Every structure is written in structure tokens, then in C-alpha cells.
Amino acid sequence: MRIPYYPGCTLNTKAKGFDRAARQSFAALGIELAELASWNCCGATFPLSRDNLLDLAGPVRNLVSAAAEGDKLAVACSTCFNVLKRSNLVMRNEEDKREKINFFIEADYAGQVEVVHLLEVLRDEVGWDTLAKAVKKDLSALAVAPYYGCMFLRPPREMGFDNHENPQILENFIRALGAQVADYPHRAECCGNYIAAFDLDTTQEMSYLILASARKASADLIVTSCPLCQFNLDRWQQDLAMKHGGFRPIPVLYDSQLLAIALGLDVTPFDLDRHYVDPRPVLAEKGLI
Amino acid sequence: MSEDKAPITRVLIIGAGIAGIQAALDIANSGYEVVLVEREPSIGGRMLQLSETFPTLDCAQCILTPRTVEAGHHERIRLMTFSEVTGITGDIGHFTATVQRKPASVNWDVCTGCGLCQEKCPTKVTSPFDRGMGKRKAIYTLSPQAVPNKPVIDREACTWFTRGKCRLCEKVCPVHAIDYEQQASTTQVEVGAVIIATGYTLYGLENLGEYGYGQVPDVVDGLAFERLLSASGPTAGKVRRPSDGKEPKQVVFIQCAGSRAPETAMPYCSKICCMYTAKHAMLYKHRVHDGTAYIFYIDVRAAGKRYEEFYHRATEEDRVLYVRGKVARVFREGDQVVVWGSDTLSGASVEIAADMVVLAPAMIPHPETLRLAEMFGIPANEYGFLLPAEDNILPVETVRPGVFVAGAVTSPKDIPETVAQASAAAAKVLALFAQWSGVPEAMGISVGADAS
Amino acid sequence: MATQATVSVAHTATSSATPAARGTLRVDPTFLRTVETLSHENIRLCYYCLKCTAGCPTAYAMDYGPAHILKLVQLGQKDEVLRSKAIWLCVGCETCWTRCPNGISAGHVMDALKQMALREGYAPAERRVLVLHRQFLTSIRLFGRVHELSMLALYKLLSGDLFTDLDLGARMFLRGKIPILPERIRGRAKIQQLFKRQARGQG
Amino acid sequence: MKRIGVFICHCGINIAGTVDVKRVAEAIRDYPGVVLATDYMYMCSDPGQSLIRQSIKDEHLEGVVVAACSPAMHETTFRKASAQAGLNPYQTEIANIREQVSWVHQQDKEAATQKAIEHIKTIVEKVRYNESLIPLALSLVKKTLVIGGGIAGLQAAIDIASAGYPVVLVERSNRLGGHVAQLSGVYVNFDAARDLLQSKLRAVQENPRIKVFLQTEVEELGGYVGNFTARLKHTADGQITYSEQAFGAVVVATGHSLRPLAMFGEYGGGRYPDIIDALTFERMLAPDGPTGGQIRRPSDGQVPRQVVFVQCAGSRDPEHHMPYCSKICCMYTAKQAALYRQRVPDGQAYVFYIDIRSQGRDYEEFVQSAMTQHDVLYIRGKVARLYEEDGKVIAWGADTLTGKPIEVEADLVVLATAIMPAEGAVELAQRLRIATDEHGFFSEAHPKLRPVESLTAGIYLAGTAQAPKDIPETVAQASAAAAKVLSLFSQRQLVAEPTIAYVDEELCSGCGLCIPACPYQAREMHPWKHKAVVHEALCQGCGACVVACPNKACKLRNLTPGHVLAMMDAYLAEV
């Protein structure tokens, strides 16, 4: 089975491991993630105020090239997924904007592509039971805390991605891989987004709220689908350990990395060594790598 | 019952506002006689002064007139207007009430209500019915569709009574109904039960100087604003400032003027002001589209059916600006009315140079209620509201058998609650009368009939 | 917790437009209408229950919480709002819109206010955010994709905080997270054309 | 040619503000058959009605058209007025030039005036062909069915029975008392709810005229005011039996339910044991409750030291839940917080609110005392999230004055969830053929002046089934409903409108098409004449049969095809 795939800028640079793990895991499951022939940055934040149309030009160009390659577009990063899905809805539902943007980028696109996240592909195309059967390693001793952040779930009317106050897709994914779910209350709180650029204290406190809560729920590691959340959660843990005595740093993996480990793939290309909080000790201790 | 005479299946209802009228109709339509006593020359009470009613914006006259006309025409309802109950003896089943009628100076048996005397009378005085927003003649009826539509002479205003001159009304009256020598009259009425429904009036804001009521002409109270909004009011529904008759472009509405103020005025909440103020602001915007309406409030109390949606509509469709905070001072500066308020969220003091201010004063029981309470031996709380037998499960009974209460006389309430309490009081009376008159047996229904 | 600017009961910052002895606000109801049109949000529906402020991830770091900003807009305090730090701290996570009982998105209002602030020349309280966003777009304009090294370097230069996090850049570079050479994509010419057309169009 | 009088009402400025009433009167004055066309400020007032009576006498009118507001408002008033002047009431018709003309064409006065003229002409045509009719007299069963055994049903039953009429009280659960039986003390004086209820239960048990059927529901209600037939379903320990009884009136007092916790995702969606709703907390406070009046955390049975009360959980929330206010939560929360403080003196209670709605007598003082004497901490701001962590329930609220978010670690959180209609209320409404609003609360005939009557004659409403309200209001409404029943039963027999369907036997071919067309089951075949027959009592004059009848045998009194065609000609005639 072949699905057009949109990696996104960061998955080509900082989060190369996320991308490679995704491609190889899906290949192992018989799904070819075919990278779009030409794609550009998705814009990273959906333009909140309705008037500026330029921000939609970027994401729609990707949708146009996806339309040429199939009726679905799989996305790995939850932020790209949010922006592409909402831009797609604009092209599908808001006629005046559709005309302006089509004129602007000289295309004729009406939102016919279905934008899906890799987790949805696992759930709908592969199915959790088939996935469970494909798992090679025993993750039963591993407690994983799912982290959704904002982009998957909100705004609920447009994203329509799981129950926005009590999501379960990451939980089901973790259980399908055979691991335990560490339930903690801050799965959907904000990681700080770009505030680190000018207010480090705030960002650190925001990530600390999430990390400390995951630890309290005795999680061995956190799994997420967004490179920016991964960065904000992973980057400041040394400083937080100093600032908050007793806080034990906790590794933050991408969902595709955990998937690749569970499928028993060779982990070297997945940049596990490049995480600030090294995940390898706990994975080794659980006999997974 | 005192003597062995059969109890009287006739009820005395004191107060002919919507509560008294509703109770009277329920009882009269069930075949029993009603004596309906009202202080004013005609019936309708406060509701008659209203422009439109929340939450449906029905025009008050349109929904009240059928009731007043039905009560006025009902063969089993004896209307005694311009009258007061001055004494009561006996007890349940056998009350004797003394009703004193003030001199109307017009022979109502002859008068046809043609209105010529009102047209010709030269003397104009400020109209209490219009809350000082308009004038009325010395000889007057409360409104064009008054029931009964017969005038009375205000002896403090009529130049014949004050300075011995004029008598014009006597000259123009085609049926010679004017009778300056008419004296007060008293009648005795035998009844089996009593319903007290004397309603409310508004707290005098003169002693709340900070709102400028009484000093600043363009500061009026809620009922006065109702008269300005009313199609049959002094300004035919157009919003006009009392000082210069201009149309105000900025109007500030102030809630809880005298309510919820344990130290300075009444500690209790008057319940309906949040709703009628939202209505005032909406109706103002319907008439002055480019006007701005501010409402200073502490809590918005819109708890009844469709009330919250009404408050929602005021903000959404009519762009009424709600500012949460108390007003500290209202004073006049040039031809503007300056309001010093505050806003809780921003914690800032807020100043608005408005053209007009409308206050929502506390509701207090009618001054006569305390006299009635002593007369009937019913307890009243320290603010003069009559106390029902039990707050929760006996809301319309009183400690005195055969005497019931309904409407704002027990506490401030809106029209639906008043109407429900009026019918509830009627149900209690009907139950008494049915037992006394044995009506069900007469209709072939044996008591204790197997109800299966 | 990050230091919070507490709002004293007697409001301190007076709006320059209407200085009054007692820090009093003058209400200008027209500002509400302008912001409603720009943001397509019914701000007038708000009854200030503050559910948005309660759930906003960055509210405690803001000088005015989201509901507070809506109230200042309602009361017409334009300078106050366009100078505030809050509008730049909003990350667009849409939690406020998700939970608002009246369906108002404070995020959309903040976005509209950001645009208004830029268009009317108000210096953003958080200048560096603007610089970051601009660099982001420049990187796309040049390469069609985000190239972190050039973006961060330019951001450092323009935002003036050269030295904090310098080690951040270096270590990321060493770990190969940031490729030295930017990836050039074929559609670059198309993208630059879009920017030019936009520059002419909306300015 | 029938002599017809036309009276045009100004209705203050409601009509005259848009329609040029003088010009309308002139235009109608010379319309064929019209011998008088005049206007007056308020036709419904005393002078207005005497104008009609006087004109009927002076001009010997044989038909009257009143151009005013909707017939629903004053048709009976004007028909009574013309009857008092000796004219058959069914010779008087209303032309609605307010709701159908002036109120909807406020911007275009000229068009409104033209439309008013045309409108009046059509009604003049109707009156021209109207026959004089006599109302129908129907029998009246003086027995009442009260649905719902809560405080409302009990009070209505007591008031009706104490006036001598038999009552059947039907309750679907196995006990009387409804929600009041579940309460501990009631505001404002903390009286025990059980004692209040006791007096009502005793009154019901001791009155021979009240027959109570527990575990019973109304399966079906047929008939009409004065002659309802109810089919009751009794489920006694497993097996179901049915019974049928005749009633003259029905009082619906089916109470309410609470919005389930599962609906509140941001408040834990019912997954956390220490986040409960107010009724569960009330059971805890009640001496006969599961904890014997002790306040315990459901999770670990400990005494909660910090309790957070969350107001407006699902009320005043048009986007996700209910747009309306549930009216009683501010008061019961103040009571619950005060009771909590009395029983846990070193406990701290927080109430997160938007507006405090304490409007009854002594209510404001009651809440003030909760704040001062019981020092409950009231914080103005709505809670955004509730979650459990380390055995604590964390509440994310906010405070208006500082405009800042506030976090409280609580041992127990009580949600004041929105009041909803009882389960099955909408289905019951369909079975009783009465209207409900979009939420399922039963609709009253008029929100201001007829709060306890439904739009279906003979069926009355009481209590929270109509809208959220507290005990004193519920009891007052129940007695008010009783008053309406007693007024109904005070008449010897019922009078019904004669403007219903009839069958022209020469034209009826007995095809039977009209029988299934009738929504009120008011038609059947004559046993041997092989013609359709109308149940005069059941027919509501809706005209469905007229449409179904292939050979025009079925007609409506005073709205025959002749009437309709004449009216259409008038309407479409060139002005």
C-alpha cells in the first residue's frame, strides 16, 4: 500500500530520526510512505485571524502537489497535520477564500485530499490488533506517558481528532505495542511553543508541569508526535533537575521511534543518541535495544 | 366557626393588580362571588404602568387589558375601586370587612366615561401614575382604557377645592355627574375568606444622595423609564430627557440602587430589576439605534425560563454594554450627567459622561401593608413584607386561617410567579368554599367515590 | 512561577489618550466594534466568567489574561491593549476557544490585535517574538523550507540577545541537528514570487 | 346583502405606527356589504367593545370584522362583545393586521397599508358566507390524573382533593417524594426536607379521594378536555398490567434530572471518584443518606478538608451544554457549603461562580451569611479544568479582580450540574400531545400570564417539568394548577367550538379516505349508512379530512370551499 507522505522541514533537519523511524516502521508494516515530489514549509501556525490569506498559500501548495499523487496525505508531525488539515478545510468550505488562494497560487484545488496523521493510518489502515501481532519486542515492563500537546486536539470542531478532553489514540497505540500507559493529567497542556525564544523561565515551568506529572505517574518515558514539543520537553530537563530538587529527567521519544523499537528494527539511524535526555539506558534496562 | 350560620362562600381580595385580578377571575369563574377592593380609581396595578414585559416583549396593556375588562364585566366580581379596607372582624367563614370609599366627587352611576371633563379641565398637575414624567388634569382617569373608565377629582389639585374657583367640569358634563359635595362612604362586606395582594412600590432614593436622584433632573427610576417607553405614556414611547426633552445618546443604567445594601438601605435583592433593566436597555436601543446603553451591575440575575437567553440577546443583538461594578457618584456637569463607576475585571474606576441615568431602586411593600398586617394579625418582616405560614411548603397561606397572601406583598417577584401565587391562593379559597357549600355532592359526585 | 505583573486595585497604567487624575478609564465603545470586525469574534457576548484565563497555558505570565484583554477591548482601552505583553504571549493553542461557553476565541482576538499593533506602529512588548516570526518567513522566502541555523543566527543578530543560548546553537550544530547547508527546493522561484505579490497586495 | 361592520384597531402605535388606519377605513367603507368602517385606539378596551355593541344595535349589523391583533389574543373577547349585543358570536371574525401586517412590514408603510386593506377584504368575504352556529355541549368527568409523585404532584393532588374531587396520582418510581425526599435541609432555614415532605405525604395518605399508583406510567392518553381516557401501565415486581380510566383534567408534574457528569470532559467526565454532583453531595449531607450525614471522600472515606464548589456546570453555556440558568444552584450551593462548614469546622469551602442569583425573600441575606458567618470563600471566575493527581483534585479557576488564573488543591469537588427535564419527558409530551421547548421542558400557554396551563386544554403543568425552580415556586405552581382544575370542574358541562368538520351525505361515497387522514381519530364509517361520521367532541377543525376527501363531501363549518374561493377572489382582485 502506498500513501503520499509529507515529512515537513524539521523532519528533514533536527528531527531526521523521527522521519527515518516512521518510514522504516511503516515499510515493515507494508505501507510505503511516498514523500511528495515537491513540498515546502507548512507555515507552522494556522493563521488565527481570518483575513491574511498568504499564510494559506504555503500549506495549500503542498495539498495541491499531494492531490496529484493520491487522495490521502499522511503527516508525521502534529503541527504540520494541524495546519494542513485546517487549510484543507478552508479550501473545502470557504468559497471566497478558495477562489482567492487558487488565483494567487494559480491552482484549482477544492480540498479533495484527506489529510491524515500517521497514528490514524495505524489505527484505520493497519488496525491495533494487526499492529500488536507485528510487535517483536516485549515492552510490557515499559511505562509510557502519552503527550498530545495542543495541535492534535484543538480546535475540536475543525480537528475532530479524538475526544479533545479525554483522547485515547496514543493510549491505544502504546497498548498495541504491548507497553503500559502511564496516565497523568497534563497530556494536553501546552509545551510553551516558541516562547523559549524570549521567556525561558515560562517555557521551563510549562514543560516542568508536564514532565513532573508524568514522573509522578511513574512513567519511564514520554512519547509525542511534535518536534517542537519534543524539543521543549527534552531540552531544559538538566536545568529543571537543578532548579527542582528531586526531579529525575525523563526521556522524550517520538511515536515512530517507539514503534520502530517495538517492531525490533535496528535503532541506529533513529538518532536516539541525539536526545538531551538519553533514552538508551532505560530502553536497554528493559531489554529493548 | 363562630355562629351556626353556614360559612359565607364569598371572598374579599385587597389589591387589584395582576395578582388580585388573577385570583378574582379564578374564583369568580368557579361560580363564587368576589369583592375586589382597590385604592386607585381603576384596576391593573403596577403592570398597567409597564411598556413591554420580559422575556417576550409583549406590550403590557395588550396582555393585561383582556383580564381587566373581564374582571370589570364579571357578574360575580364586585369592583370597589378608590376604596380601602379600614376594619375587619370575625374569623374564617364569617369575616365582616369595613370598606371606606374616598370621595370621587363624580357620581359614577350616572357618568358614561365620555372624557369631556378631562379634556376641558384647565388645571394640570404632575401625574404620579406617570412617575412625574408627564402631567394630568385635576379630574382624571389613570389611562385611556381604565376599568372602570370613570374619573375622580384630585381635591388637592382642583382649583374649586383649593381656591373656590372654576367648576368647569360641572358645566361641560352632559349627564351632570360632577358632585363636589360627595362624601366618603363606608360599607360592610360579609366574606368567608380574604386574599391580600397589595403589591409593591419603589424605595424613595432621595436618601441615597450619591445617585443624584431628586437633584439631577435626568436621573429617573425604573418605573419612570417604563412610562417614557410606554406607547400610551407621556412621550408616546419616545425616549426623552426630562430636563430638555432631548433624545439621550448615552444612557447609564444602575442596578441595585438601594437593594443589597444592608448598611445604607435594603439588604435584600429585589429580584426583577436585572431583567427589567436588560429590557429597558434593549427597548432604548430599539428606539435609539445609535445610542449606547451601559449597565453597572454586581450580579446579573436572569434565572427564570428564557431569562438567560433574553440577557444573552441584550448583549448580542442590542450591544448593551455590561460593566461589573458599583457606581459611586452621579452628578451634573454642564448639560451632562457624569457617572463615576468602576469595573471589577480591570479594577479600574470608570467615568462616563452620559445624557441620562436610570436607577433600579429597591422594591418595598405598599405603605398600607403594615396597617393591614396589624388589622389582620399577620406577622410582617422588618421591611413590611407579610410572612406566609411557612416559606417553603405553605407559600400563600398565613398563620390566620382563611386569610391568604399572593404576589409582591410577601417579597419582590416577577409576573409569572405572582400569577402562580394568585391562582394558588384561589385554589385554597376554592377548596374552603367547596367544603362549605358541598358543591361536589350536589353535582352527583359522592365524596370518597372509589377513585379507581 | 515567572514573575507576574500584579494589577493593583486602583488601575496604574493610564491610557495616554485620556489622562485623568484618578487613573480613570474613558470608555470608547467604537474600539470594540473595530476589533470584532477584524477578528470575526462576538466579543460583546462575553460575560467574563474567565474560563479562558483559568485554562490558558501562558496566562500567569501575561500582564492581562485573555478575559482581561477582552474587557479592555470592550471598554475601548486601545493603547493599553496594543502595548500589552499578553497579545504576544498567546501561542494560538485554541484552549480558550475550545472551552468558552459563548464560543468566543480570545486567540483570534489576540491575533487581530497583533496585526493592529504592527500596522499602527506599536512597538511589540515582546520585540523578539516579532523578530523570530520574521526570520521564520525569511527562511522560507529564501529556501522554501526552514533552515534553523540561518534562522537562529539571523534571529540572534536582530533580537540583540546574542549570548544567551549561544551554546544551544553550537551543541545542536554539533549533534548534527542543524545541517550547515540549507536545502534548496525547486519551487523556490514560485515562493519568492508569492512573497513579492503579497508585498504589493496587502502591504 | 349581509350588513357588515368593520372596526380597525390602532393598538397604540403597534398597528397605527405602520398602517395608515384612517386610509384603510376609507378604502373599506365602500366595499360591497360594508355598512360601517371605523377605527379606535384600543378596540379590546371597554370603550372599544362598547363601540362594537353600540354599532351592532344602531346599524343592525349581521356580521362584524375586527381588524386588530391575532385571533389567539382577542377572538373570544370580541365574539363575547358582539354576542352581548345579540349577534351570533360566529358572525364575528378577526383580521390580523398586527402580527401579519404591521409588525412584519415596519419599513414599508405604504405596502403595509395596502396589505391591511386586502387582508380585511378577505375576512369581510368570510363573514359574508358565515352561518350562525351554536357551541357544542360536552360531558365533563370530574376526576383528575396527576402525573409525578414529587412535591408538585403531591401538592396539586391535595388541593384538588380537598375541594372534594377525586384524584389519581401516578408515580413511575416505587416511592413518593421525588427530589425533595433526597434532600438534607432546605434553604433558608435548614428545615429538614423530610419533615416538610411528611406533612404532604400524610395529607395524601389521609385523603380518601386521592388514589396513588406507584410504579405506574401513562402509556397513552386519548380524548379531550373533560373526557380524557388514560391507559396506565403498572409494573409491579416484574409483571406488567394495564388499566384504563376516564379523567377530566391532567396535571403534569414530572420533575427534572441533572446533566450527567460524563458530559463534562474538562471536569473529568465522571472518571474521578472525588468529583461528584450536588445531588450526590446532598445525599451525603442527608442523615438517612449512604454516609449517615457524614461528609466523606468517595475515594478513601477521609473527611475532606478543602472542598471546591463549581457553579454553572453546564448551565449558561449555549456552546456546549444548556443556554439557560438552572436557577436554584446558587442557593443550594450556599446551603451545602454552610452545612459542610458546620460539620467540618476546620474545613475550607471555595465557591467558583459567575453571578450569584439569590433573589427570593431572605435569600440574599442567606448567601451573605454563608460568606460571613460560615466564611465560605466565594471566588468570581469559572473553573476551566478539574483533574486528580496525588490523591488531590486540582481545580484550575480564575479571579475576576486580579484577572489571574487560580489553582486550588481540593479533597472533594462538587459540581452544580445543569437541571434537565426528567428522562422520557419528550416522549410523554408526545403521548399527551402537549408542546415542549427545544430542551424538553413543557411549554406553558403564556410565559407571563398563563404559566401553569399547557396549550392543550385540560392539561396543566407544575414544577420543574416546566422550567427549573425552587420548592416555594413549585408548591405555588402546583396549587395554581389545582385552581385551574377546580375552575374547570365548577362548570356543569363543557362547551366546545362548533367550527369543526361535517359530512355532506349526498356527496359522500363512503370511500373512507378521510378516516386515516384525521390526526385526532375523530372519524369513522357509519355502521350501516356507509357514510363517514364525525366525532364532534374529538374534531379540532384542522381540515385534513377536507383535503383528503375526493368529492368535496367533507367541509368545515364557516370555512367551506365557497368561503375560501370568495376570500381568494377578494385577495387577488386588482386594487
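Assorted remarks:
Per-chain residue numbering starts at 1, and chain names A, B, C and D are given in the order in which the chains are listed.
Keep in mind that, in the parts below, contacts are C-beta pairs under 8 Å (C-beta built on N, C-alpha and C of every residue); 3 or more make two chains touch, one makes a residue touch a chain.
Here the structure is a predicted model, which is why all the values come from computation and not from measurement.
With steps allowed only between chains in touch, the distance from subunit A over to subunit B comes to 2.
Geometrically, the chain at the heart of the complex, using CA-atom means, is D. Inter-chain spacing, taken between the CA centroids of subunit A and subunit D, is 52 Å. Note on chain placement: the centre of subunit A and the centre of subunit C lie 24 Å apart, centres being C-alpha means.
For subunit A, residues touching at least two other chains, in rising order: 164.
In subunit B, the positions touching at least two other chains are 300, 312, 324, 345-347. Across the assembly, subunit C contributes 7, 9, 47-48, 67-68, 71, 95, 102 as residues in contact with two or more other chains. If you check each pair of chains against the touch rule, the ones that pass are A-C, A-D, B-C, B-D, C-D. Partner subunit D is touched in their complex by these residues of subunit B: 18, 22, 26, 29-31, 53, 55-56, 58-59, 61-67, 69-70, 72, 113, 144-145, 147-149, 231-232, 236-237, 260, 262, 267-269, 271, 299-309, 312, 324, 344-347, 381, 385, 390-396, 410-412, 415-417, 419-428, 430-431, 434-435, 438-441, 443, 445, 447-449, 451-452. Every residue of subunit C that touches subunit B in the complex is listed here, in rising order: 7-11, 20, 22-27, 29, 42, 44-45, 47-48, 67-68, 71-72, 74-75, 77, 102. Remark: subunit A residues 9-10, 12-14, 38-41, 44-52, 54, 57-58, 61, 104-105, 150, 153-156, 164, 189-190, 192-195, 197-202, 205-206, 235, 274 touch subunit C in the complex. Here subunit A touches subunit D in the complex through residues 163-166, 184-186, 213, 216, going by the rule given at the top. Against subunit A, the residues of subunit C that register as touching in their complex are 1-2, 38-40, 57-58, 61, 89, 91-95, 97-98, 105, 107-108, 110-112, 115, 126, 128-129, 132, 136, 140, 144-148, 155, 159, 161, 164, 168, 172, 175-179, 183, 185-187, 190-191, 194, 197-198, 202.
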